[in-house]
Every structure is written in structure tokens, then in C-alpha cells.
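First chain A sits with chain B, and in the next complex the same chain sits with chain C.
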Partner chain A sequence: MTAAPPDLAVTQRDALAELLLSVADDEFVIGFWDSEWTGIAPMLEEDVATSSIAQDEIGHARALYELLADLTDDDADRIAYGRGADAFRHASLLNHARGDWAFSVARRYLYETADAVRLEALARSSHAPLAALAAKMRREETYHLMHAEAWLRRLADAGGDSRQRLADAVRRLWPDAQDLFAPLATADEAVGRGILPSDLAELHRAWQERVRPALEPIAGPLPDAEPRADGRTRRTDDFRWLHGEFTSVARSQEGATW
Partner chain B sequence: MVTARGLDGRTERVWAALRDVPDPEIPAISVVDLGVIGAVDVSDERVRVDLLPTFVGCPAIGVMQTEIGERLRSLELAPDVEVRVVFDPPWTSERISPEGRERLRQSGFAPPAPIRGAGLTGLDELAVLPVAECPYCGSRNTTLDNPFGPTLCRAIYHCADCRQPFEQFKRV
Partner chain C sequence: MSTSPAEQVYEVFRQEAEGDPMVHSGNVNAPDDELAVHYAREFYGRRGESHRLWIVRRDAITELDDADLLRPPFDRSHKRPGGYIIKHKLEAAKQRAAGEAGE
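So, the complex of A and B:
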């Protein structure tokens, strides 16, 4: 959609490709989970909001898949709909089905805060098309983050069952949320070349420092937790089901021009 | 708007033609007044226009690309016409022209509130305001119903004076 393939050394291209795929898959999969609320959210306004956020996230994924496709001479739709479930590289946080409303609010808060930390770094990337896209995405994600923070407060302040469900969801998702910063095979190259200007461990620390003060008063002390080496390759039956859903139309007419 | 002279006024003809291309979602405003046109580059071989999406996931991007491309091809200024989607510079709501803001208001949309300062770094200022001026009666006795509206770029408000729901083009 944008520029000609950049002239990069193979190691640099591979590092950029792995990074793009991880961010794009995160945005794509959380977008589809959000879309699972369309038509059944607890309030009409939230039906509109979750659907709008889902559209934003899938749109971000599209733009990232297009950067990746330019780089690898591939096609964004093929990357999105033509891969098997095991080829996805989203973090394990996004392996869970949407759960109840409190579960979705907890996940969205964990995700949006991590995404904010990541985008702040990517907006400084040495790869100019990625930096420009990340800067634009940040402006949109600001609204998602405000939405997630508002709902976290709302459920926590309500007390009773709302607060309990929220606290349970935060504790359950906490280990998997760390995996948004799971190591990438080519991360050293990405950091060394400034494609990813801060290393993942540093971003992980910055994110934990930000979320602990908000979450611990609700969920109690959260254990020490680190991203896992297989944090982006774990797959679950929940995700296999979602993958079957979002590829079903593309699979029904393979090779069709839409 | 920068309209560099050169190539026998062809650049000016491109800008004039772009003023005829409406936004597909709010046809009262042109793509120029919406601020989604970035650089325009005209040579003997090619007319190239940069399109800056209002939102990355805007579903109207493809339609805009097609409509801009068709309008520019009809000018027959060069054999090749290219409409590139780029995010540099990012579109911000500050790019809507004064005329565009007035046209939004006339169409029942509250224009986005201005962003103070440079507008490119002040993410804290992007917060949706709890009040927007009603485009129907001018009242500020309004409340935010939902920062997410029927399209990615709009928020929903309600006016307590004229009792109308209305949409605001989001500040982004």
C-alpha cells in the first residue's frame, strides 16, 4: 500500500519482520475477541464502543501486515487469513475467549497499558514507515486506553460482585499478560539497529511499574512474573476456535478475488 | 495550503480537482478541506498524491483512493496517476480547514475541539471533552454519550437545550 520494499540487509529484514508480525498478530487477535461483544455487550453504548475499538485494532493489524507484506513480498490478506493457527505469534494473553465483561475489561486494561508502552518505543523506530504508523496508532490508542481505565475504575468502585470478578480476572491473566514482552529470536538485531529502540526487558519493567499501583489495590499483591520464552507460541483451544471463525469465509472460497 | 507553482499550473489544477472529491462518509466536505491530502507531486510522467487517513482502520480509504485516482486521471496531466496511503505526517484533526469546520457544522457535526500546542505530541490533550457545542442550536449545555460513535472518527453527544443527539468529529 505504501513504499517500495526498503533496501535492508537480510538479518535486519528478518528482525523487522518478526517484530511486525508479533505486534500485528496481537492487534488482529484482540480485535477479533472484541468483535465477539458486538450485539451482546451489557449496554448499547458499549456495544458501539467495543465494535469501534475492534475495528480500530483490526485496521492497525492491516496496516502492519501491509508493512510486513512490502518487506517479504507477500500479501496482507494471505498473512491475515491464510495461515494456520500455529503460525500466529500473538502473546498468550490473547489466547483466552472473551469471558465475562469483567474478564474482558481486565484483559483490555492489561493489553492497552502494554501497547501504550510498546507504541511509545516504536514511534522512535529507526524504520521510518513503522515509526510513522506507530505515531499515528498512538493517537487512536489513547482513546482505547481511556476507555479501559474508565471501566477498570467503574467495576472496582462498584464493589461487590463486580470488583470480585475483576480482581479474579486480573489475577488469572497476570502471568499471561507478561508475555506481551516475550523474547523474540531476532530481538538483539532489532534493538541493535534501532528498529526497536528499547529492549523488551526494559519495556516490561516500565509496564509493570505503571500497572502494579493501579491493579494491586484491586487484586491484592501480584506475584513476581516474567515473560516466558514460549509466550508467543502457546496456543489454546479457545484460539483455535477463533481462528476457525475468522478464516471461515476466506477458506470457503480459496483463491477467490473479493 | 501549499500550492507550489510550476509545470504550467498543473499542480494548481490537481488541487482544484481534489476540491471536487467529497469525503465518502460526510460528502459535504471535500478531501482537501478534511485535510487528508498530503504532498502533491506532478511531473511529466506522473501525478502522485499522498493520502493521509483520518484513522488507520478507516474503511473509506480504498474508496477515497479510487475516487481521487479517477478524478485525477480525467485531467490527463500525465500518463501515470498514483494515490499513496501514508502516515507521515499523521493526519490530525488540526488539519481540517476553517471552511471544512464550517461545513461539518452545517451538516450537523460538531467540529473537533482545537488541540493546544504543537498538536503532534500532546497525547494527554486528546481526551474527549465532556461538553461539545451543539451544531444545531449552539448550546454548550450538552453531555458526552459515547466517545465511540457510528464511525471511527466520531463521538456521540446529547444537547439538553434542543434535545438533539449529535456527533462530533473526534479530536485526534
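So, the complex of A and C:
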């Protein structure tokens, strides 16, 4: 990864760092939740596909953490495994435990659509290393989105219990999904400098316009909902448990070189 | 895991590089064509080993395995190219071509 230009002003660096951390933590945490399906997905082929997608997300998180580590003179593994649960900045959508298959499909759909909107913007970032990474991520995320859309349609078209569970999950996750566009303290700087070429409110609107027509026929009218100010700092016991899991190996031998 | 009634078997053919022959690689179970594409990609393409995949529903394949047609009971040795000594004909043709060029 390319190191940040040395003349990057402190305020600019902080804005970039906050943005990178939020996206990286989203990818990292959804990757870990979805990896919980390994071995127990509905069928063998789906097990492999879901596990592979989960690995892709963790791979994206790694690339983003490395970019962040270059910027802040830190270490990607330390950022991923050395922080307490409260230091994570993923959106509240990712605070929930895996749930049933319909719940995971609903969450993946909400996440992948939001991620697509976000990556489209980040690919235009004025920070060249981020723009390049976002463009690379989009190539894989396009496929992730197709997979999530295929399952959303499948469960909806099946009717009965499948459709009901899917509809329930969408309604339950809807308020938390908005938080993928929750405000960042340094967002004005990021937008002003073109690091984030569209502001979060604009991205949020674009995402809602895209998902409402797909979700409302399944889940019924979805209420007006906005991202919350603390949308990226709320933590739950579900997430604390997951954090304990994914840091357990790193904690077993602190400071070890793996 | 067994194949539920809704699932079907898809045969997967793989091409390593443009122009290479499509080689049968194996199969996947999938509930529909769309997911079959995803699963074939995961099983036969996720390591970057494939240039192209063909994913074909097994029941779309017309099979012929009738021994009466494929291994007919009568002598078919006249259908095989054996028995011709092509080497001498080839040499003669080369000489002829060289002679014509020299004229």
C-alpha cells in the first residue's frame, strides 16, 4: 500500500482515518457474523458460497486497515484484534447476532446495497489509494450483491414461512440499517476535501430510493427513518460476544508474531 | 448433504484460457440457474483458475450410451484410418511439390 503523502494536513488525515475505520469495521464485523454460517448453511454449495463471501469481506477489511495503519503509523492486526469492543465503529446494523437464514439474508441485502452506494462514491475519492481500493472492492461486491439479491427474491417468492421471516427481519433491521450512513465527526472535512465525494445524507437518500421499491412489496410500507448520531457507537451484548470470539486467538498469545 | 426435491444437478465445464477446450470439471447442486452460477463460481473459479465456465442443467443434456449404437456388433474397422501408410504418400507429395516449385 502507498503511504499517505507527507503533506496531508492533520485535519485531513483525521477525516480519512475516521472514514476508513468506519468502512473497515463494517466489513470486518459482517464478515465475522456471516462466517458463523460455515458448516451449517442450508446446503453444502451455499455453505461454501457464504463462507467465501464472508472471507472476501474480511479481506476487504484487511486492505482498509492496512491503508489506515499506513496513515496513522499503526499495525493492521493491532487495529483489527487489539481494540476493545467499544472502540469499534461499525454501524448498529452489525450489532445483531447471526439469527436465522432469513435474518442473515435480510441483513446482507441491506448491507450490500448500502455498500454498493458507498463504494460508488469512494471510487471517486480524491485520496488516490482509497479510490483505487474502492474500485477493486467493487468488482467483488457486485457479485456479493447479486448473491444477496438472489436469496432475497428466493425467500420472498417462496411465500409462507420463508417470506414471513424475511419480512419480519427487514422490519426489525430497518432502523439500524440507516446507521450505515450515520454522521462522522469529521465528515465535513472529508466531503470538503473530496475524500468522500458525496455527503452521507446524499448517499443515504440514494440508498433508500434503491431499496424501498425492492423491500416494501415484501415487508410492507417502511417508516421514515434517518441515521442516528450514535449509529456507529452503539454496542450490544451480541457484539461483545463476537468480539470475544474473534479476538480470542490474538489474546491467547499477546504480542506474538504469527 | 442430500439433494432436496427442489435442487437440481448442474454439470460444470471449465476453460482455463481463451481458446482452450471446455473440460468437464464436476457438478454442483443448486435450486435454480442463478444460484448454480454462484456455486459453480465458488467451486470451479474462486482461485482464479478459470477463464470461462459453462453451467448446464444435467437434464438438459441429451445422453447417448446405447452400446448397440456406440459399439456396434458388426465389423467397423473400415471406419478407422488404420491401414493407410500415409508416410509414403506424404513423401511423394513433398517431392512433387518441390519439383513444381523448381520448374
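Convention: the second predicted complex is superposed on the first by the 252 of 258 C-alpha atoms of A that agree within 3 Å, B and C clash if a C-alpha of one lies under 4 Å from a C-alpha of the other, contacts with A are read in each partner's own complex, and residues count from 1 in each chain.
Everything below uses one rule, namely that contacts are C-beta pairs under 8 Å (C-beta built on N, C-alpha and C of every residue); 3 or more make two chains touch, one makes a residue touch a chain.
All figures in this text were calculated on a predicted structure; none of them were measured in a lab.
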| item | value |
| --- | --- |
| Partners on chain A (chain B, chain C) - clash or fit | clash |
| First (chain B), second (chain C), both or neither touched by A:Ser52 | both |
| Touch count on chain A, higher of chain B and chain C | B |
| Partner chain in contact with A:Asp188 - chain B first, chain C second, else both or neither | neither |
| First (chain B), second (chain C), both or neither touched by A:Arg154 | second |
| Partner chain(s) touched by A:Arg62 [first = chain B, second = chain C, both, neither] | first |
| Which superposed partner A:Arg138 touches (first chain B, second chain C, both, neither) | first |
| Touched partner set for A:Met146, first chain B, second chain C, both or neither | both |
| Shared contact residues on chain A - chain B and chain C | 45, 48-49, 52, 143, 146-147 |
| Partner chain B, residues of chain A touching it in the complex | 1-3, 45, 48-49, 51-53, 55-60, 62-63, 128-129, 132-133, 135-140, 142-143, 146-147 |
| Contacting residues of chain A [partner chain C, same complex] | 43-46, 48-49, 52, 143, 146-147, 150, 154 |
| In the complex, chain B residues that touch chain A | 55-59, 84-88, 90-92, 120, 123, 126-128, 145-150, 152, 156, 170, 172 |
| Residue numbers on chain C that touch chain A, as the complex places them | 1, 4, 7, 28-32, 34-35, 38-39, 41-43, 46 |
